[in-house]
Structure formats: structure tokens, C-alpha cells
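Next come two complexes built around chain A: one with chain B, the other with chain C.
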Partner chain A sequence: MIGCYHLHMLIPRHGRALLLLFMLSGCAQKLPIDEGRMVIALPGAPVNVDPRVATDAYGEQILQMTHASLVGRDGAGDPLPDLAERWESPDPLTHIFHLRPGLRFHDGRPLTSADVRYTFTWILDGANRSPHRGLYRHLAAIETPDARTVVFRLSEPFAPFLSTMVRGIVPAGSPARGYAPPVGAGPYRIDDLSPDGEAVLSAYDGYYGGPPAIRSVTVKFVPDSNVRFLELKMGSVNFTLNGVDPDLLPAASLAGRLVVEEGPGGNVTYLGFNLRDRALSDARVRRAIALAIDRETIVRTIWKERADIVSSILPPGSWAYDPDLPAVPFAPARARRLLDEAGFPDPDGDGPLPRLRLTYKTSQNEVRRRVATVIQDQLRQIGISVDIQSLEWGTFFSDIKKGNFQMYSLTWVGISDPDIFHHAFHSRSAPPDGANRGGYSDFEVDRLTESARREPSREKRREMYRRVQRILARDLPVFPLWAGRNLLVRDRGLTGFRLTPNESYGPVREMRIVPDPATPSTGGPR
Partner chain B sequence: MNEHSGFLVLIRRTARHRGAAVGMVLLALFLLAAVFAPVIAPCDPLAQNLDEGLSGPSVSHWLGQDKFGRDVLSRLIYGARLSLAVGLGTVGISLLIGLAAGSLAGFLGGGVDRIFTGACDILLAFPGILLAIGIAAVRGPSFGNVLFALSVLGWVGYARVIRAQVLSVKTREFVESARAVGSSPARLLLRHILPNAISPILVEATFGIARAIVAEAGLSFLGLGVAPPAASWGSMIGEGRHFLFIAPHLVTAPGAAILLTVMAFNFLGDGLRDALDVRQ
Partner chain C sequence: MKRYLLGRLLRTIPVVFGVVTVVFLLIHLLPGDPVDIMLGESAVPAQKEELRRELHLDRPILSQYASYLSGIPRGDLGVSFRSREPVLGEIARRIPATVLLAATSITVAVLVALPLGVLAAMRRGKAADYLSGFAAMLSLSIPNFLLGPLLVLLFSVQLGLLPVSGYGAGRPLVLPAVTLGTGMAALLTRMVRATLLEELRKEYVTAAIARGLPYRSAVARHALRNALVPVVTALGLSFGAVLAGSVITETIFSWPGIGRLLIQAIDARDYPLVQGCVLVIALSTVAVNLATDILCARLDPRIRYE
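Up next is the complex of A and B:
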């Protein structure tokens, strides 16, 4: 019954004075940017920050600032030199990497080829249960002829090999330490990490690319979009990538010190079908569902035009994306005819009885729930009754991996190589060996994806993947919806960040804090 | 005085309490809105008009439109159905279980009572809302799961109150007389003890309905309540809070509805308590 008491009954006089003083001092407090600190807001805490086992997006994003890998990626997902200054492949089974001279980890230990071998041997050791182990199953041997040379020998040709070399390198002998991350060699070191609060990073002066200009970076884990937005407006957070609800962006733009930037995105959202289901095993039903979804309206109203409609699960910026794929139009009348043909006639015309009932599983992410609600309504228009099950992430993802669903929506994050088609649609890629969760099987897709991963020529691979995309566009084992555009909201004083389609935080190392002459940099809440 | 006239007297005495009278009027309004929602609601609460999403109050939409362009007033009226159904349903289920368990424990005594008291102590150690959140998160959002999650522990409080009442009433002279003339244990419990032990439960139930409505609102706010597109007041606030800065009308109307309903049930509970007080 605390509400029955007045403040003066609960707080003694000197306490009230202190409280007032505290509130007033808060108004004059310096903001992080005035102290040369950058504060990033992430929508969630990382599950793990060890590059050998981390799979979640938030963990990967922190690792992009703290751990260096043999190769990096450019905006198109192509490999760039990172710890390795160059590499060569004398034959399809041999890849030789040459490390930069003078590399050191954050604790001062030299980084050598032995550390590279240790990192990948640790991942391949079944006892360590790394979820990345399957990615390196083609590795037959790792040789270290000298401290700066690593030779990877493969058991069979694997064209996407370079794209798998983006794993952060840790010092030889590093044990897995639960939530405590191992030492890295990236531009920032982790000073403190608390899963329910923040990660505190500081600039690493021994970084091979030179010390970063911003000396201190705090990564705050703020799940609530309103709180992220408020913190941005107040200045206690000064940088967030895809962390502001598209509806709030105009309000963010109005806040004088904030700048909104937009760039193409590489994360493709899709609608997945369970092909073992009696109704959804029929391609006509899947096509009818696709024809009934008005993606243009969803992109315009839910995403505020900040997404691009796609016809493939590859992002439009990928070198293997087929721009000539036939787009699925919004055509509810055709959808109804297809359902009639597939044996799902409307039982009562305009009456309330549906042609069929389906369950749509999604996570509890607010925008995903919004999209599910719109799709539910659009499918209702063609006589499909949809029951939305919005589940806690762990339960949801476990159900999807087990094949316990009819329809679901998910987003492919960070696709860098079209070998994703083998992972997601090859008939032998059912979980846990891959991500063919819907049970799709097509002989031609199997053959093409197997051949493409062995083919060294990019041109030939491109042609094979285009054929794969055309088959998938015909069969629709999943319905690609859109690729979200990347939205950066930052303080005007933070400059130098390059937006990349894969949402990388690597470019943070190139950022600077510049005084903004237009606005006083100190003072109260903004 | 027969039972029917006894009930009327209780209503009349409750209505004399000013707060309870206000509560009864408010509840009558909400119940009418819930029952006649299809007649009263100006629009289809599920009809989307995405291009008009987040529009403010207007002549055609008195309380504005939500993110999907759905009419907020119509959803508020239909939401009364779900929110009141959860409140009444949860308390109904909890009362049934609580009455059965508590009266048997109090009446039989001995080992049964000791087991019951121990079980109650263990169950009360669980934080109720956290357990409800866990159940709703695992089983997924639906009306049935909300009822289940809120009733799992909801009956314990009623059971303890009724047990204490039964323990006190079963030693009274009129019960001894009934036993002396050969009444069966079942008749003793159902005919003589329970009717005289139930008054505090009625008062507790009115507060319980208010608590259940708030709990449902909390679960729906967290996305664990009723499944979309159904509207409950809590889910309306949960959906609207994301637009608090640009469309505050989305949360104020359902917030006010919850406030008024909970207040009405609490006033009614106060009035009932006074009306049932034998000292008056």
C-alpha cells in the first residue's frame, strides 16, 4: 500500500535534499560523447562472446570489434586481408595464408600460425561441441611450416572456403571460459562484460591497423525499443544500428543531434513451409499463400519503405543473385483459384468457415509479430485461417529445427556465400546437419548445389546458382519476403562509419568524434 | 427469510455503500459492452487498413486507429469481453478448486489437513506471476493458457481462507445439533457449514477478479496473453506502447478501462465486506 503514503513520510528531510541535489546534478552531467566515449545500443545481450562457439548476431557484432580473423569481408561479402596479408590456392585442395608481421594479442602475446591452427583444431575437436564444426568438415590437415604461414589442406574441393575464414583467432591454449571471452587481436579489447548490462571496450594500441581514434566504446544491451529511442534522444546512447523502430525514425530525425543513415541490407526475411504437411506439400497451396501476401503494402506501412522486396533468399547485393527471377505478384483472385484446384474449395462462400487452417510460428519480436498479424489478415481474405503462435525464442527455434511447424518466418543473417543453398535446401541438409527444416527434396537442386561448391570458377558457380534459384522460385519451399535496409541512428559528432549490407560493426575502428559547432556539446538532456 | 430475499438484502446493503454503488454501475456498463459488443462496436475490430495506421481520433474513429489501422474503440469494446472473461474465469476456476480443497481439509482435519497445509505453504512459495509468465511463455499465448496460468496458483488463497472458516464454523452449536440428529458428513459440510463460511470468499473473489484482470493485462503486455489478432486491454497496451511517443492514444484508452474496471471491483469488494459484516 505504498501509494497511500506521501513522499515526505518515506524519505527523511536530509534524504529529500540529497535526492533533489542528485536530480539537479543529473541535469548538468556530461554526456558520453563529451567524454570521448561512444555508446552503442544493441537490442539484446550476446549469448556467447567466444569466436569458436558464438552463433548469435549480438555476440558476432561484439566480436567484429574485438577479434581479428584471417580474412575479413567487404561490403559485397568478398574476402579482404585481415590478419593474413595475402593468400594463395595452388590447387583446389590447398589454401596458404601468410600472416602480417608483428601481430600481437591484447595481452601482448605474439600471434602466430600456431594460434591459427589451435583455433581451428579446437573447433574441429568433437569434445568441444562447437556449433561451427560442420563448417570445417572439409579440413583434412592444418600445417604451420613457419610462424607466419598456415596451410589448410582439404579433403575435397570447397569453393566457399575463404568465406569460412572469418572466424576470430584466439591464443593457443585458450580454454572455453563460459561467458568470459578469450583474448583477441582486434581493434578493441574487452575490459568488462556483464550479460544483463553492458560490455566495456577500450582501444587496443597494438592493433595492426593502428590504434582506433575513439578510445572507449560501451555496448549497452537494451531490449526495449522505446528505451533505446529515449536513450538516443537523451544522449546516453549515441549509436544504434537497426535499433530504432521504423515508425520512430521521423521523431529521431527531429532530435537535433541525431543523424539517420540508410544503406542496403543483406538480411533476408522469408516465410518457411513444412513440406511434410498434407496441405503444404502441394506447391499450389504454397503459391496461393505467396500470391495472397501483399508485400508492397507491408514494406510501405510496416517497414516504412525501409526494405526491398526479393525473390531469393540471397540478398540483392550478392554476386550470385539472379535479378531476372520472376517476382510473385499480389493476386488474391489467382490464389483462390489455386486453392480450388488443390482441393481446398471455400465451404460457405462469404461465410466464416475457412478453406483450411494453418499455424504460423514466430518469435516474440515486436516487428515480426506485426508482420504475422498482417499476413494472418491477408490470408484470411483468401479463406485461410491462421493461428499465430508467438513463442519465446528458445522454444520457437527449437520447434523450427525439429520440424514442429506448418509455417514460420525467420531471417537469414549475414549470408556471404551462395553455398547457403546447399545448407538450406539440399535433401541431406536436415537439422542438425543443415537448415533444410521444411523437408524439401529436389534431385536437380541437390546436384547443382553439390557441383557448385566444388567449382572454382565464380562464373560457372553463378550460372549454377541461378538455375537453383529458378527451381526454388518454381517450387517455393520457402517464400522470400524482403531484405531489410540497414538503418543507422548516430550522434552527429560520431563520423567515419561505413554501413555494410552484413551489418558489420568492424568499421567502428575507423570512426572519430568531431565537435559539432552547431550544437553546444555539453549541458542537459537533449 | 428465503435465500432469494437474502441475496436481495445483500445487494441492497451493498448498494448503500457509495463506492460499491459506483462500482456496480461501472461494472454493469462494462458487462453490457462486453455482452452486446457486436451491436455497440462501430467497426469490425479485426478489419485492417494499413495505410491509416496510427491515425489519431477522428469523427469516424473516435479513439483513433492502431498500427494496423484497426478501430481502437471497437477493439476496446471487444477487449472488455476477453478481459472480463479472464477475470471471471480465473476466479471461477480458482474458487471451485479452492472451495473443494479448503473445505475438505478443514472438515476432515488430521493428516489430510496437514498435507493440505504443507502443500499450500510450498505452492505459496512460488512467485505467482513469474510462474504464470513461465507457463504462458512455454505453452504460447492463448485465452486457455492464460486461464490455466493464472489459476494454477490462484486457488491456494481461497482454499486457505475457506479452510480457516470451516475450522471455525464446524465447532458451532448448530453444526453439533445437526450432527446429533444424524446428518451425514456430506450434508453437514454442504448444507450447514459451507453456506455459513462462504462470505469472506465472496469479498476475496471480487478483489481476485481485479487481480486477474491486471495479471492478464501484464501477460498480454508481455506478449504472452491472448493470441493476435484478438484484442484484450493488456494486449492493446502492449502493442501500443511501441508508439507511445507518436500515438499515445493507443495506450490511454485501454489503460483507463483497466483502471476503471479494477477500481469498480475493488469498490464492490469493499461494499460487500461492509454488507456482510455481522457487526453492522
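Up next is the complex of A and C:
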């Protein structure tokens, strides 16, 4: 006789009751927003939350909420008062900052000029191995004539100096302790930080700008983009900036509790060329490639209109951006003529043989791979055969830095000053000294970018950088493609966040939770 | 027994040595410079050289290797390039999460596989057998990166019973553990069925029933016990697969374990952290397999410690 077992026999009656209770308990929990809490999802965990050493984007984003700097930055890249209420530069080598009165750190200690000096001295001390040390190589001395005045003396004029002052200040004597970040003086304090888990922040009542309205903020590290979206949909996450894939945005818009906002972005994607390559050293070939790429179609189909076509690697919101730059149109017929002129005629008319074969390197990011496929198809239309190599990030970036490429695509992230042109296009900025990876060299660009970084006048610098941008638009050492728009997906019950091109989380301090009678937020599952 | 254990422990040394050596060579051969990744593009060459010296990356690779090997017996696995924390501390912080996830998923797998496998064997050729076979094939065919989001859609979004992601021993654990345990449950179900059927055909079972022992008792007391020996062996061997699967599962569910740490370390070319993670995974796999062998011997007295 064969025994007969039923699964319900495996779970005793009291076990079933417990299971039911366990499942029902899921429906009874309150959502964070109902408790006055906001949960922000970041796509990754910060490696470090110490302003003196943090380099990763996630660490920086948390620091924007927790640590105040001498100066902030507006959407155009211009400095704004932060801990310093004002500043002046009596000569190009001297910058004087005046601190606000009554500043205090989260632990109640007064914030004085000594703390400012300590922060930057710590970074400059080679023993501390701060990755930001190179940024302050022009600093010759830091003086503190009184508790509210700091004087920075430079060894040579360096016009982008103010942009380097966006660096969180920590109390004098703070050791670097990995996952125990030093206290700051920003609108939120860090109560708890668990690596790979979450950071719990609470409002700091002593913040000079007044205490934030949302008293508790949890920053959750959610690497999977689908999971991030589902968390938003469920209400267990209330806010994510550039954390939802463009493909999922229509679904986010349809979800009753979510609102999608977008604004101009500051990260410019470009196509890089290796000018040491025989074919690509000819500006006509580079222009032909640019003319053959239909950026509007790519922005419409892959980016779902969530990107702006650009003509410079400087974001359009920057104070130095040249709005009159000539745009490269989509003109495949002109592209073919240029290739003919450059000595790459079509070998067999409508036949399969290409005029030219090129490799295109990109990372394994799904969107980038799709972009590469479309560009491959568009270049095939003008007779250029493209071999796509999609590489793991470390390998890809290593190849790019070594000049081991013909074409590649990358994005400039967080450009804060037009001095980027010196870094990316000066003939002496080849890796490892800079990011001139394609080997571009132009005497006029060298001269202008050197002069501009020494020029204290904003107007004169703007004119110099506009000339640089026009030369680059003529030579096309890289082809600027688009700037992705910043996309905020937030709970309808949150208000007050201002999107900035540099993706700053600073405006979180201005946010509020508002009751939304149209969308009851309680009772849902989390 | 002591001699056997000592022998097994000694045999782990070349295994671990091999793993450490291969990983050390592979990670150093990979393109990508940790100094570039740490310092970013704004760093000047002198600064990079300085950091390279401090991290001992300027030394010949053999010297770095010897230095790493000499630290292992002292428990010194180096300092993480990215977080500047001791590697051992970094790993220790994540071990509880990974152990909790792995242990729960294995428990889920066993709790599902045993009754289903027994049911399928005892009702061979019937609907229950076909259904369990179908469910096992389906579970084996769905990769974790697909199963995880599907479970989230059903249990979190549609039914609202469980959280989408997070860390904890209660409700946040359910979906990751089921995701990780499903494939193993399917494998074990088929194995329990196959080995039990084989035992049921043996003469001692027929003899036991002929002596008047009820069929269920013959299965439960005799056949199942013998059938479990290869199943336990398979369970031990699949521990490595569970740890490998945890890399994906931990990423999907934002679970702060070693798998996720390993991915981050590889991305950052954090050599000491990658080596440390792999060393711990290798050691735990060896330890689990040793424990499996001991358990097998206790289940089947015919197995001797030699």
C-alpha cells in the first residue's frame, strides 16, 4: 500500500495560524511618509562618507545633506554662500572667506576658521592619502587671522579656485575612521550608517539655515533598478534622482502615488576619437561620422526624449557655455562626400564592402550598448563598418586611458568649471596628466586654456572659453552627443525639491511632507 | 576520527593555496588600475605614484604575493583600497548577512525537497510525480535574476505581503531565501526521488514489508535514511553554488552580504578585498564539505573515516 501525504499535513494547525498572522502583518505597517520620514534610494552604497576622502558619487550625495562647505554652487556653476557668508579676492593669489556668525557642528562644537584650516591641511598632508590633494596643489598657505576669517594664499593664479571650495568642513582633530564619518554642519546629521544597507539621517536643529522640515531621512542603497522602481511604487521608497530607467518612467507616471519631474542635466555624453589613428586623424572623417549620427532619433527612441542634444562638452547651463555654437546636423549625403574627399571612396557602390572599418568601445551598461548598436547601424549607411566592443568597466576605462581605441563613448560627470577644457584638450593633458585621451593638439586651444585658468575676470574667461568651444566644434576631437536630463521620481506627498543640473541633494533640506487627500498613502503594502 | 579530521584539514591547505594563487594572479592580470579608480582623473602623476608606493603596488608582483601569503596565517588579509578598513573587518561585517541568507535558503530547499521528493517517489508515475517533476524543471530553468523580480512582483507588489528589499531576519529574508533556495530545492527534489526509488527496489525494503512492517515505516525508517546519503553529499557540494548565487540575489534584494561586497570590490579593482572574499568563500566551502562528509558517515555506518 502506498501512503498518501498532503502538504497541509506538513504544517500543523497552529503553524498555519502563525503563517496567516505573519502574512497579514504585512498589510498593517505604516509607510515611511505616514510616519513623517522620507526614504531616498541611491543606486549604490557609498564607499566613504568623509568629505576629505570621498570620491564616489553616492558618498558625495549624502555629504551634500550632512556636511556644509565654505561655498555652494548654483545650477550654472557659480559659487553661492554656504558657511562663508561672503568672500573677496584682493589679488589673484589671495582669497579671503568670512564665516557666518554662530556656526556649530552637529555635536555642538563651534565651527571656526581653525576647523576650515584643519580640513584643508589634512587633505594636503601626504600621509593621509586624500584623493583630493591634487585639487589643492596651488595652495601655498592657509591663515586664520580670527575665528571667522580664513585666508587662502595660492602659489600661482588659479581661476577655478572657488569651485574647489565646495568641500565639507570637519572639526579640527577629526580622525578618518572609515564607516564612522566625522560630524559636519549640514542640515542633517548621520545617526547610523551601515555599509551596503542604509544611512539614517536626522534633522539638525542648529543648522544656520534653519532646521529642515522633514525630521528623518533614510538613504537606502538599492543597486537593482527594477527593485528601486518597485520600492517607489510600493511607497517604501519616496524619492530617487536619476534612479529609474527611462523605459520605466511611463509606468512611474501611471502609478498614482508617484510624480515624475525633469530638468536639464549637467552630464554630457560624447563620442571620442583617437586622433593618432590614420583615418580618424583627418577632421573630415570625424565630421563625416558626426554628420551620419542621427542624435534626434537616438534621443527619441532610447532616451525617450529625456536628453538634450548639445554642441559642447560643457553643460548648456554652465556660465561659460556658448549658445551660438554651430550644431552638427544629420546629413548622411554630406558625410559620404566628406569621406570621398578624405580618400575613403565607396569600393563597390551598393555592395557590401565598407569604405572604412572602425572599432567602437563602450562599457557593459545596457543603454550604452543600445546606443552603440544604433550608431553602428547609422554609420553603416555611409559605408563605415563598426565593430562594437562592450567591455567590463575597469577594462574599458583602462583601454581608453592607454589610448587603445579608435572610437569610444563616455560621459563627463559633474563638470563644475570650464577649466575642464584644459584637462581634456590641452596638448600636455594626455593621460596620466589629464584626460586628452585622443591625442588632440592645437596651439590656440593650449594658449586659451592656459590663460583662462589664470584670468580672474569672469567675462574675459567666458570669452576665452567660447573661443575654445568654437575651435573644438570645428576640429571635433570629440563629438558631444547629448546631456541626459535629470529625472526625479518622488512621492506625491513630498514637495519643495529644486532640481539642479549638478544633481545636488542639497535642496532636500527645503522639502516638506504634505497631506495628499487625493491619494491616501496608508494601508498599502510596503 | 581525529586522524581523519587532521588529514582532511591538512588537505585543505593546498586547495586554499591554489585558490589564493589563482585569484591573486587573475585579479592582477585584469586591466584597470586601482589607483586610477581611487584617485579619479584629477590626480596628478606624482600623487598617483605616492599612493602606488603606499599601497605597495610599486613592488614586483612576486613580492606582493609573498607579502600577502605571509599575512594569511596571522589573519592579516590587508587593508581595503577603497574603504581603508581592514579586509577582515569588512568581510566580518558582511558574514552574518550571508550566513543568514545561505542557511535559510538551504533550510527552505531541504524543507521543500524532502516531502516533495518522497511524495514523487512514493507516487511514481502519478499526477503528484509529474507535477513535482514539472515544478522542479521550471525552478531549475528560471535564473535567479529573473525569479527574484518575479517573486517581488507577486508577493510585494500584487499581494503586498513582503517588503521589496532590505535586510533583516524576518520578512525581508523571505524572498531572497526563496529565490536562492528554489534552484537547490528543485535539484534536491529530483535527487531524493531518484535515490529513494533506488532504495525502494532493494531487497531489504521488500523483506521489511514482508515481515509486516507498514510501508510508510519501511520508507521512513530504512529506505529514506539510506537514500539521504547522496542527497547530503549533493547538498554540501551545492553550498558553493549557493554562495555564487548569493552574488546576484544579494544585489537584487539589496542584501548586505559578501556576494555584493565581492562585486563592488571587483569593480573597484580592490585587490585585497577581492582576495579576502574569495579566500573566505573557499574556506567555508571546504569546511561545509568536510561537515558533509562527517554527516554522511553518521547517516550510513558503512562509511568509515579513513
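Going forward, the second predicted complex is superposed on the first by the 492 of 526 C-alpha atoms of A that agree within 3 Å, B and C clash if a C-alpha of one lies under 4 Å from a C-alpha of the other, contacts with A are read in each partner's own complex, and residues count from 1 in each chain.
Everything below uses one rule, namely that contacts are C-beta pairs under 8 Å (C-beta built on N, C-alpha and C of every residue); 3 or more make two chains touch, one makes a residue touch a chain.
Keep in mind that what you see is a predicted model, and the values were worked out from it rather than measured.
Peer 1: With the two complexes superposed on chain A, say which partner A:278 touches: chain B (first), chain C (second), both, or neither.
Peer 2: It touches nothing on chain B or chain C.
Peer 1: In the overlay, answer first, second, both or neither for which of chain B and chain C A:197 touches.
Peer 2: A:197: touches chain C, not chain B.
Peer 1: For A:432, decide between first (touching chain B), second (touching chain C), both and neither.
Peer 2: second
Peer 1: Once the structures are superposed on A, label A:395 by its partner contacts, choosing first (chain B), second (chain C), both or neither.
Peer 2: both
Peer 1: With both complexes superposed on chain A, which partner does A:226 reach: first (chain B), second (chain C), both or neither?
Peer 2: both
Peer 1: When the two structures are laid over each other on chain A, which of chain B and chain C touches more residues of chain A?
Peer 2: Looking at chain A, the partner in contact with more of its residues is C.
Peer 1: In the superposed arrangement, what residues of chain A touch both chain B and chain C?
Peer 2: Overlap of chain B and chain C footprints on chain A: residues 226, 395.
Peer 1: Quick one: which bits of chain A touch chain B in the complex? Just the residue numbers, please.
Peer 2: 225-226, 229, 245, 247-248, 250-251, 297-298, 300-302, 364, 366, 369-370, 372-374, 376-377, 387-392, 395
Peer 1: For chain B, which residues are in contact with chain A within the complex?
Peer 2: For this pair, the touching residues of chain B are 46, 48, 50-51, 53-54, 67-68, 137-138, 140-141, 223, 227-229, 241-246.
Peer 1: Quick check: in the complex, which residue numbers of chain C touch chain A?
Peer 2: Its residues touching chain A are 30-33, 36-45, 47-48, 50-51, 54, 82-85, 90, 93-94, 115, 118-119, 122-123, 149, 152-153, 156-157, 159-167, 171, 215-216, 219, 251-254, 256-257, 260-261, 264, 266-269.
Peer 1: Show which residues of chain A lie in contact with chain C when the two form their complex.
Peer 2: Of all residues in chain A, those touching chain C are 1-5, 7, 10, 22-23, 25-27, 44-45, 47-48, 53, 55, 126, 129, 131-135, 137, 176, 178-179, 194-197, 220-224, 226-227, 230-231, 233-234, 236, 393-395, 397-399, 401, 423, 432-435, 524-526.
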